[in-house]
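Order of writing sets the labels: A, B, C and D. Residues in every chain begin at 1.
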Amino acid sequence: MARELEVLAEGQGEYHRVDPDGFREWVRDHKQRAMVPKLMSAKEAVERFVQDGDYIVYECNYIQRGPAALIREIIRQGKKDLWVGAKFTWVDVALLVEAGCASKLDVGFFLFGPVVDRAVKEGRVKIYEYSNVVMTNRIKAGAMGLPFIPVRSFGGTDGFKYSGAKLIKDPYTGQPITIVPALNPDVALIHVHQADIYGNARVFGTGISDVESALASRKVIISTEEIVDTEEIRNNPGITAIPYYCVDAVVHLPFGAYPGEMAGRYASDVEHVVEVVGATMRGFVRQYLDKWVYSAQDHFEMLDKLVGWRKLQEMVQRATIKEGYLP
Amino acid sequence: MIQIHTAKGEKASYFNEREHQICLMARLIEDGKTYWVAGGGSPMASILLAKKLYAPNAVYVTEDGVLAPEPVLPFDPIMTMVSSRAGYRALQWGTMNSIGFHAQMGYMDYGILNTLQVDPYGNINSTLLGDYESGEFRRFGGPGGADSIASLCWRTILMTDHQKRKFVPRVDFISSPGFLDGSEGARERAGLPRGTGPYLVLTPWALFDYEDRYLRLIGISPFVTLEQVLAEMSFRPKMADQLLTLETPTEEELTLLRTEIDPRGQVTITGDIGRWIMRREDGSFGPADEVEARGGDPNLPRSW
Amino acid sequence: MARELEVLAEGQGEYHRVDPDGFREWVRDHKQRAMVPKLMSAKEAVERFVQDGDYIVYECNYIQRGPAALIREIIRQGKKDLWVGAKFTWVDVALLVEAGCASKLDVGFFLFGPVVDRAVKEGRVKIYEYSNVVMTNRIKAGAMGLPFIPVRSFGGTDGFKYSGAKLIKDPYTGQPITIVPALNPDVALIHVHQADIYGNARVFGTGISDVESALASRKVIISTEEIVDTEEIRNNPGITAIPYYCVDAVVHLPFGAYPGEMAGRYASDVEHVVEVVGATMRGFVRQYLDKWVYSAQDHFEMLDKLVGWRKLQEMVQRATIKEGYLP
Amino acid sequence: MIQIHTAKGEKASYFNEREHQICLMARLIEDGKTYWVAGGGSPMASILLAKKLYAPNAVYVTEDGVLAPEPVLPFDPIMTMVSSRAGYRALQWGTMNSIGFHAQMGYMDYGILNTLQVDPYGNINSTLLGDYESGEFRRFGGPGGADSIASLCWRTILMTDHQKRKFVPRVDFISSPGFLDGSEGARERAGLPRGTGPYLVLTPWALFDYEDRYLRLIGISPFVTLEQVLAEMSFRPKMADQLLTLETPTEEELTLLRTEIDPRGQVTITGDIGRWIMRREDGSFGPADEVEARGGDPNLPRSW
């Protein structure tokens, strides 16, 4: 047999190691298949489950239902050399780069600006090129336990050259087709509406690839607006988005998406968002971090000291759209 | 032949080039077809305007998998996607993966995109200006969803500004594929789906389609000359036998745009919106300085 | 370039044509992207959208939420040479074979018996070997617009030899991996709890691969217990399972899963199910068809003449579990 | 070393071989681990019994993607899967695809299967008896979900009857993979995940594990002799140095099984349930004919 199957072209970008068997062994040896309580503080969750050098994914941070409080905790703890799956990201990449946390980016999309630009030019940050959908497809493949997945996009781009993609001759159609490496991140950070203490989680509304990220990642930190009883989860099994057995930590963080929106619960803090976008675009990220991240010991102190109940209450009142965001 | 909806009612006296472009795009929206709209900004404003006036049965989806919403306008100041106002009363909430797969299966007729640079073959650059290998470049955010939109929708429509630095013989970086090197079958050889590719490019000054996979000028706005149009391109496009005249906005279009779709001016006042144009009683055009304020908030960033 | 990528082994089974570009063109040319009403009778839907020789998929028929009434209509209309994606099927394969409707089966699993056994031995029915999950993975690949997908099962089996699978050397890990051809069926038959007249459909409870089948198939017939207004769909976009644009026909068929269960609405008709299982196992399928299918002009006449209101009412009363099955 | 839960309380005086097998399997269930259970029947009865008595934190999933239900017992007469009683109060309802992917990622510790035939390498046949190529065979339904369970779970446990025609040197058809030809790395060379494979085979008479990927007898039931066990196999298994004695059911186990889990007897009365066994006061065993009726409905088919 051993018929040939041509590889027509290959990208030259470094890519996160493809090792589905190794991932399986990680799951077997580290994920709790019994229901054990996983409630802990953001500090503990980030200390235990985010290591220097880890590949992290999250999405829509500072926009809607992003894990904003968890990202700020990562910055506070000064994690290093993170490789960020920068798909559907925004200002947070600049925050992580300014804080010295990130050194590699798989892009996607994010809000560029002087801080990241300088870091890239000085070689402190390396960029590998993908697109948002190619990145979520890679995570999807990771969440299927596969080593790679075909995609019908990305072929012919210059990004392809700086990626882990390959163009092969499809053994079924004989036509060229692009395949991309599956992505099994080290860490997924996911903010949800409701979770029980074991990690069974509910998400309402659209998302990018939260469920896939939860399944695909070696370590999963869920932050949640609300802790619900497992009995409540069992009353409606059809709306459980994330099953407990892929979750490592559950952190109860009301307003955990602040300053972003949490659909059905609170609107965004527009002023804050305008401030951080401005800081990113103009390069004043250090000032932003000093003011909003380093100045508070944790999320709750930040809300108390820098935001205040009145503002939070006002954000809640502006969240007038409820349809589809309640169980 | 391109179908353009006819705008009814009184022509507007004052408008800017961005407004003009959005109203034109709205008139190009085909009713009853599906549109995958990149980000927010001009493409989103165009489809929203079209649904109100010309193509009520056009269906749009967003990158985060929202199918056919009836959004609460205006959007939040920053968020045209993902937010609860943007996804309101959709037919289905999916994910970026699910909508990407729908497009991959051929369910999306059109994609509408913004870009930094475009070349004669419709290749799109949203990654950087300069030289990738040498590190001498100014970097931007990356393709986001544009690569998939340009790869997977049947027809790609590009909205960009009419500037020499945007229309270049060869884009500095192909972030999202057009016809690649322009040869027949180049997309298919790169693994992209058969029969897809660039369809139109619309600037505030001109409308282009493609002939044999090469950009062709088919219409110009009445407030610019052909010479101006060509002078602001770094290559010469093919020319249609007859050039359309691209109608300027009507009062009705602008009222909807300014009061319902973009009342804060984040698409049509903030940022690079081109010149303000005055339309005289006799139908001729001239420059207009600092027209009556529309109440846009200068502290808000441009919508994305 | 043109590095080699070995094909280590290949199954010899015929497989439904892999043609993602052709499928895309079908979608472009035949699927309505505008919202147009698609309400019609089962007779019209089957006449218009099921052709002789079509590859059909459905699941859980006569068990729970199966498209039982639609399958009976196919039998009544005497469709020929159907190729059945027989994953998570049961008695229905024997019904289709006895009625002369089916000539090829991709297995999966179904309840064998003398009728299918005879047809296979006489060459009237050909069987290709897969497993339930490999079949649903194939459909998943079809619903992603891909030509093939890797799987980590099926390798080393004898089924592999009689399938469309291939064992290749994974270009990322260097390890052997099985790939299987994507499946884009000609027809999907899906019974749902609620749909609007355009085909936006809701399904409550588990399923096998209904959503994937709807997306992957060239022609999709939805039968529904209840027609709901599109306003109702828009009130909760998070629970729409199937979007209108992949649906070709919506058939309002209350008790359309009869004699199977419809979770949250009615229990199964146990007597009937025992009768049909007995008929399948003992080879009395012709008698079953005469009694239950050919004797009635349509689903409604069958319910009226052969089942009766009292029985239906009793089935409804036995459906006491509601949690998770209501919007 | 295999862990077997200790059954407490009085031993039952009358039971049949199927009941004995299910009670044994229940005692083999490891607490706090995940089980992918094929269909219904004996594997499902075993896990349900285990959760009640020995392994309350064992988690099971079904082929249709139900995660950790608290089912309403007894199941419907036909449907042990997919039905509302079977999926009641689950933690999550998924699909066959979703649960298949979870297993593919390594989330399932154990799979429990029934089978037609098994060979010394743990290969499983549920497709046909006879010769595939010549057409001289008796066909069965196919692997269903068994192939995936046997491929993707970390450890596969097989429940089968103790009959010569079931333990064969070479299965007529490998529907679901065991250790294939028994050579080291054979599964990996076939593309299956590393480190998976057959773990135990349990019949009403005997318990086997694998040594160097070859079936090894490690325990026998007290109502059969080693000679009987070996006589009803078409090949000779390896032998453990010491053979365990497999404890017979307790009254408590049987009561739960007969009154809550399988009151209609579709698993433990209908079909091939082996012999009825009597346990005498002195702990010895003998045949029992037609023991007291348990009210099973003879018109109901065997559960699947």
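We adopt the following convention: contacts are C-beta pairs under 8 Å (C-beta built on N, C-alpha and C of every residue); 3 or more make two chains touch, one makes a residue touch a chain.
Since the structure is predicted, the reported quantities are computational estimates derived from the model, not experimental observations.
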Pair sharing more residue contacts (C-beta pairs) when B-C is set against C-D: C-D
Most remote chain, CA-based centroid, reference being chain A: D
Intercentroid distance (Cα basis), chain C paired with chain A, Å: 36
Whole-Å gap between the CA centroids of chain B and chain D: 61
Computed distance of Cα centres, chain C from chain B, in Å: 41
CA centroid of chain C to CA centroid of chain D, Å: 29
Of all residues in chain D, the ones touching two or more other chains: 66, 87, 89, 93, 104, 152, 193
Residues of chain C touching at least two other chains: 20-21, 145-146, 152, 175, 177, 205, 235, 237-238, 323-324
Pairwise touch network: line, ring, star, complete, or other: other
All pairs of touching chains, each written as two labels joined by a dash: A-B, A-C, A-D, B-C, C-D
Touch list for chain B against partner chain C, complex: 31-34, 57, 59, 66-67, 69-70, 87, 89-93, 101-102, 104-107, 109, 152, 154, 193-195
Touching residues (chain side chain D, partner chain C) in the complex: 62-66, 72, 76-79, 81-85, 87-89, 93-97, 100, 104, 127, 132, 135, 138-148, 150-152, 173-177, 180, 186-193, 299-301
List of chain A residues in touch with chain C within their complex: 1-10, 18-21, 145-150, 152, 164, 166, 168, 170-173, 175, 177, 179, 181-182, 204-205, 234-239, 323-324
Residue ranges of chain A in contact with chain D within the complex: 20-21, 23-28, 31-35, 143-146, 200, 215-216, 230, 233-235, 237-238, 240, 243-246
Partner chain D, residues of chain C touching it in the complex: 60, 63-65, 86-88, 107-112, 116-117, 120-121, 127, 129, 131-134, 136-137, 140, 151-159, 162, 167, 175-178, 205-212, 261, 263-264, 267-268, 270, 273-274, 277-278, 281, 319, 321, 323-325
